[in-house]
């Protein structure tokens, strides 16, 4: 068996990622606030610990897959955290989509304990995580990145490297999410135009699916107004758009399309759609055009 | 040899399309305002006619590949046009990107002469045309579409059918162009965000290229600020955005992202960029963020 | 009695304006498609004619107050129109809000008959017209403007001069309408913000009314969601926004706030609000924020 | 002599406001970080204190006029602050434009010491402050508001009451600033349209000045591209727009015009215009239209 790793955060993404690490013959010490989520992993040989700090050992490696900036900070910053347990010579691989500013602050914090911070946010939904088909954006100290390569290879299909700045990988991850959110708005406007011009939305969605794989799934969802169950909750979409806008503000970058997306997500939440899929901003596009909505969707 | 077809409009797209028809063993009578453009085709057996009307024979088929609504109308509407020569039982296949309104008006006009109008606007640049790899949006009378199938198969890699409404295929073509223009704006904003956040634009563009083929070429052009020579002139981009907005207005469809694109293209032309590639709206995004531009680009 | 003038177009604005000319001791020959509208004027001494051409005499002056570009063109351009009857040395004062392009075309047309075209679009609703309190934007040949000064003084409280270009006064009039439409959007967003933040819309509207007379009426209408009866129909608001956007397009001027207004008006018409007051775009602002609307308003 | 008041914050606004309180026969204990700013006030009888806490006495009244949320919090929240010195029965009148959220938090904080918080942000620039012509938005406990009425009357020309919620007056103040910022964008777009259509910007600005006092000053500044010296710095404009957008986000209110303003201000700062007047966003509007700018303005 290879090295034993720590893993904190066993949600929809964390569980399948951790399972792939076990499959690749890594040992695993896992922690989750709701301990029961660990069952499928302990069944395959993982050890469940009583506190997040216990997953780490001096000079070792810990991965975290947590919901947002605050969750990552809560588990990293308090005295006696897993970061101190990693000291000296350990590595923290942070898989979450968080703000570049937070990432840089964490890297500075970790450095005091001689622990390296690697930002490794991932593209892909739970099914891609299960299939070890994630795409990984990566930034951090070169030596540390080299050391963790086998780990990332076990969970993804490709790694994109963005240098040593701890914030860089998260900037790129937010760019990617922006691309997807913008594609949703684009599809919503064009399918609404088709419908109002008397052309079948579904036929257009089918064509788009053939011409651009990135747009395929969303084109169909929007054409069919099928927004439940949520693959990615709209409330989380707003959270990500907010991260994008805050990152833009930090560097004085005007993003008018970002602003348009922001207003759409705010409106969708105001209309009670926080728990639909984040492509449900398309409902607002249809409403603005005076179209009646499918019953189930509202 | 199969049937002899008429072909009007021998520009960057028309010539390679016509060449593929010859290659597929169709006979061709061609016309172009600048007759010298026909040379590569007559060399392969096409007949050059003295007037556009002469390419047609009663009950035959004529394809047109012309610059815009006006050019198509000028060749179709006057008395004694090729449409009358096709009468009765002929077919006009219109490959140009024009307004759905114009397409419907032409179909009505042709009907008076018992000529069918098939709208067949195409996706793809000259290199795709040369490789017979165009994607074709198709709408018009079912029997006529069946009769021309071998022709369209000879020039494209796939046909998408949108029913009998003459305007439908053009609505869909405009939807597709909207998708591309929106992708340009999206890439421009995200690459500007990356640059202002200290992340390599080129590295991000490379990643995008792997994740989404549709975005690949534009991502690189924008990252390198390389907008000459123009694959598709910015002035034509504005023309298409105007067609989209006019089609949206006709059906009372608000398209805020369409409006944003409209303002970008208007601004780019106002700044003297009409002859750059239509992805050069990215220069405006960079300027708004206070970035200096590459010399060659401005 | 002073000179006898011709007057064409007896709608909500035309009648009170014509009445003020009679009050100022001008003679009047009037024409209206629906002749019965002339009754209040003939009762005060005006002569009703059977055709629009008959209101004019060689070297005289004719005012028109018509609905839109087309209506003005229909009465001016055909052979035998009042313009020919004014020839030579007559003056046409056009009070309508039309496109600058149309105004310039009319000036050229009139010049062939040695008739001067003065563009004199007005600010003010019917009550201001009745009180002779219109504000008048003016452009055209200097000598002609001097000759008609007493006429314009009789119907307005102030004249703003914009030189000799026939299109200039209409550009300015459209600028003014843009200012008002933009104020409506501004008030709608701020009052919605107030309401969603738990602050009384009516109290805010009252304050605005004291600080800025221009905003007073609209602030109250929006705070009370009272959009009927329409002071200015929303469908006409869309017409004017379209004129603005077309004028902007003609000079390659991006107007993102203009685009935002355009999308709002399109959406409001798509939602069936064409006959409400043009400030009813505020309903869309409230809906986007998830607010329930007053019954009567929807 | 009436009661002696405390006053903290002697900037461009604070000094003339404090002078008016002296003129109205109030006693004044003043504090400012840069003590020299107090000279014109001590010359007229004010007492300068060594620390902000010293301006207060139990049961008394203190006014603050500070730059932003942080400045107000720094002077209020630490142990031993003037708020504790006011306890019990004192009143804090906060004149600054701050976030409603901060205002509510301060009111809660003060309540622990039995001190009332009155939010009294003001409309008006230094010249209006000097002339005691400020307009005051007011919210807070009714009894406290009654007790301070003579004070507010001494510095303003009118008080608008928005109830007891400490945040309300600041919501309204932000609404007012939004109205002004939106008017700047509106004027910039319309004057650019005029210029590009060949119409004199100055003539249009002059007309606007007569029709709407609120727009008069800005219309002239924009027509003349005269943005120095700054009446209100553009960087502060961005700060206020950010407060507006954050307040909108807190209540899930989409404000597309707010977003447009946000992007304009971010762009202007990115272009190095932070120290020009906040109406200098008009330069961006002109640049987008391809207009050359006046030398001095860039």
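Here the chain labels run A, B, C and D in written order, and each chain numbers its own residues starting at 1.
By our rule, a contact is a pair of C-beta atoms (placed from the backbone, for glycine too) under 8 Å apart; a residue touches a chain by one contact, two chains touch by 3 or more.
Model, not experiment: these values are computed from the prediction.
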_Fraction-based call for chain C against chain B, same above half, different below_ = same
*asked:* Using only Cα atoms to place each chain's centre, name the chain farthest from chain B.
replied: D
*Report the inter-chain centroid distance for chain B and chain C in whole angstrom, where each centroid is the mean of the CA atoms.*
41
_So the centre of each chain is just the mean of its C-alpha atoms; given that, what is the distance between chain A and chain B in Å?_
38
*Could you tell me which residues belong to chain A and also touch two or more other chains?*
248, 252-256, 260, 263, 267, 270, 288-290
*asked:* Applying the document's contact rule, which stretches of chain C touch chain A when the two form their complex?
replied: 256, 263, 267, 270-272, 284, 287-290
*Within the complex, which stretch of chain C touches chain B?*
242, 248-249, 252-256, 259-260, 262-264, 266-267, 269-270
*Any idea which chain A residues touch chain B in the complex?*
100, 123, 135, 137, 158, 160-163, 165, 167-168, 171-172, 174-176, 178-179, 182-183, 185-187, 189-194, 196-200, 203-204, 206-208, 210-215, 244, 247-248, 250-258, 260, 288-290
